[in-house]
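As written, the chains take the letters A, B and C, and residue 1 is the first residue of each chain.
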Amino acid sequence: MIDRLATNARVVAALGRRSVIQTLRRPQLAAPLILFPTALLAIQTAGAGRAINLPQFPPVNNFLSFMLAGAIVQSVMMTGNSGAIAFAIDIEMGFTDRLFAAPISRYAVVLGRLAATAVLGAIIAVYFILLGLIFGASFNEGLAAAVWIIVLVAASALAFGSIGAAIALRTNSASVVQGIFPLVFVILFLSDAFFPANLMLDPAGWIAQYNPLSFIVNGIREPIIAGWSLTTQLKAVAAVIGVGAFGLTLCRFALIGRVRRGV
Amino acid sequence: MIGRLRTGWRTWTAMVLALVRRALNEIFRVPGAAIPGILAPAIFFLGLTSVFGSLTLLPGFDTHSYQSFLIPVSMLQGAGFTGAATGVNLARDIEQGWFDRLLAAPAPRPVLLAGLVLSASLRSLLPATFLLAVGFAVGVHWPGLLGLLLALFLVMGMAVVAATWGTSLAFRFRTQSAAPLMQIGMLLAVLTTTAYAPQNLLTGWLQTVAKYNPVTQVVDAARQGFVGDVTWANTWPGLVTLIGLAALLSFFALRGMHRMTT
Amino acid sequence: MAAIETQQLAREFEGSIKAVDGVDLEVAEGEIYGFLGPNGAGKTTTVRMLTTLLLPTGGRAIVAGFDVAEDPGAVRRKIGVALQEAALDPLMTGRELLQLQATLHGIAKKDGQERGKWLLDRVGLTLAADRRVGTYSGGMRRRLDLASALIHRPQVLFLDEPTTGLDPVSRKAIWEEVRKLNADGTTVFLTTQYLEEADQLADRVGIISGGKLVAEGTPTALKADVGKPHLELCLVEQAGREARAEEVLARFGTPLPARDGTLMVELEHGTSEVGPIVVALNQAGLDVESLDLVQPTLDDVFVHKTGQHLEGASEETGETEAIAE
């Protein structure tokens, strides 16, 4: 049992490393995943910055501190989608079949891809934390906040990435996975990634209150703009676990389906 | 049967129209491929108005309808993406050798460029029309016929600018990997304006950039009818901007096309 | 007047890469000229210069009476081009593609339609004319590519590796088409890496290697120049005994570079030496497993001029043109 776990861990690490290197070796494809959210962060912070003067806006030092969490999550979700597209391309090319035909766990193959997404998510979190510090965001809970945010973001990346991976496994098509890219923004807009839910127009504002992404965003945002709250952080963790469980279950069914359909 | 090969305005117009027809094939023959480009501006419009809609509560915001304020920006963004897509398609044609076929034909280079660019301006009407339908359904003010036609005209002009930007980059890099650069360029051009709020409510660096960004004139011109009255004073700067940008970028595109053979 | 004439034609790329290095050639009107060489030799670069898709960096080229650098527009009106990739828009039908090509050449709409119809019939694509190009086979695409190069009745037709990747039946169909075109008076400049293609089609052949023209003439004359037949043989348990075998063979003629494990020797005194060679090898303790007497080919011409085989020389020379392109 322990041997098998150790083997699977090695497989996950090896495949994860391959995927991370694959991403970093193509900066022309990877850069937009960070540059685009950075540009939007800069523009939205300066364009809608006076929103902090609205009554009912949470007390913050500046709009950047509020928006940072949204930018992180946006970047992570785009990266997750990009990872899912790369996974789908691996499937289309037959690389994944080669792995599935090897004496390794199929779940380890999928987890390897997701591990890479988690690592990239952590890198993105570090980038935006540094960016925020340079441009005046203040972290109320200091270094502990930064570390916690990195962990939470990496876990979220894995969780949302699992949904993309499930779609890739089910459809075997990179263009289908690419087609769901606009949905990433729909989910973001229907959360309080960019604005407090209580100040959003309905029905989006109402949906945002129950969107699991909102809990995750608030978990990331809270240590930046306010102090820790166990309730908020537990909700964030629960949301990550919920989304991850959902995505991994979809992956499981997709893997079973592959063998049944002979695809 | 063939006779002398013709030249002149009529022939060149026929060449441009033939190239436009070919470029529009994708919409009619692979409609699935065109749908994301048509839907995306509307999705962003609905999302952004839902998210930032209460900005109109700020003192100094001269309209109570954020939808009316934002819709011209979304229309211009759609035009920007359409034009950038023209650049991406051209890069694909260059990579696959199709563009060599056009270069080896006796059609003048400006005619080849005109064919590409005109197709983008016509394509831009599709997402703009869909967006307007969605916008009116959620309460965007009717801009009047003049305001509507002006906005659509500026959208087509923006698509021309975006297409000349995209094609310049396509000739420079000759690969579809340059697509993000084409898209992000247009995105930044449109968003670093009075896209999210009026000039007096912008903060920091954006307030300065928007003041000097020529595309702000285009945004303000397109916005007129939706938030107030259309005046010539607020219209001509936008028109001049588009003409100037299109001329400058066309120069770079033609130079890039020429450099393909050097 | 020559249909094509080049004087010290050259093309240098960044990094001092000389893809074409001082090529002088002349193609008479009505001729089929075969331009032969391995991948990376400079064939495609030469064609791109002659078809105004690339400016020469040295020398000059006159096509159909016009300088490619000074009057490219006039050149384009006189030439038809079917490039290495049959780059066709998969969303267009065959008929639409020909109509577009006609329009881009300034042909009036009705004339273009009639000419297109005639060409589709000529290349056997009438039934597929209204199907999208994306549904065509490789052979059909090549035929459509050829038809589109002919829409305006060019004086000079450039075909860049027109049968690469095609099955033998499709290849022969293209050859037949090229012969018919030439019979109608069209000058054809054909690049190929296939010896048989050059042998079958070309009135004259130019062989390019490393950017330089190394041989030129009719296929018959070029082969006669090389002259001698050669023997190809394999030994029983050959490994490690090639050097001894070559020593023996050297007594009867010039050993040639081995290819795919086959030993080769050019025979000084003709086929009568075959017997004595086998005997000599036997006496040296080397038994012959298989033996072939081969008359000179264009590959032999290439080996004679460059020391390398034409087919299989691609891997070594491929880098230059790949960088250049």
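Basically, a contact is a pair of C-beta atoms (placed from the backbone, for glycine too) under 8 Å apart; a residue touches a chain by one contact, two chains touch by 3 or more.
None of these values were measured; they are calculated from a predicted model.
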Chain at maximum distance from subunit B, centres defined as averaged CA atoms: C
Chain whose Cα centroid lies nearest the overall Cα centroid: B
Euclidean distance of C-alpha centroids - subunit B vs subunit C, Å: 46
Distance from the mean Cα position of subunit C to that of subunit A, given in whole angstrom: 54
Centroid distance [mean C-alpha coordinates] between subunit B and subunit A, Å: 31
Interface residues, subunit A side, partner subunit B - complex: 28-29, 31-32, 35-36, 39-40, 42-51, 53-54, 63, 179, 182, 185-186, 188-190, 194-195, 199-201, 204-205
Complex interface listing, subunit B residues touching subunit C: 1-3, 5-7, 11, 14-15, 18-19, 22, 25-26, 29-30, 93, 96-98, 100-108, 260-262
Complex interface listing, subunit B residues touching subunit A: 36, 39-40, 43-44, 46-55, 57-58, 177-178, 180, 184, 187-188, 191-192, 195-197, 201-207
Residues of subunit C that touch subunit B when the two form their complex: 51-55, 72-73, 76-77, 79, 81, 83-85, 87-89, 91-92, 96, 99-101, 103-109, 111, 114-115, 132, 148, 152-153
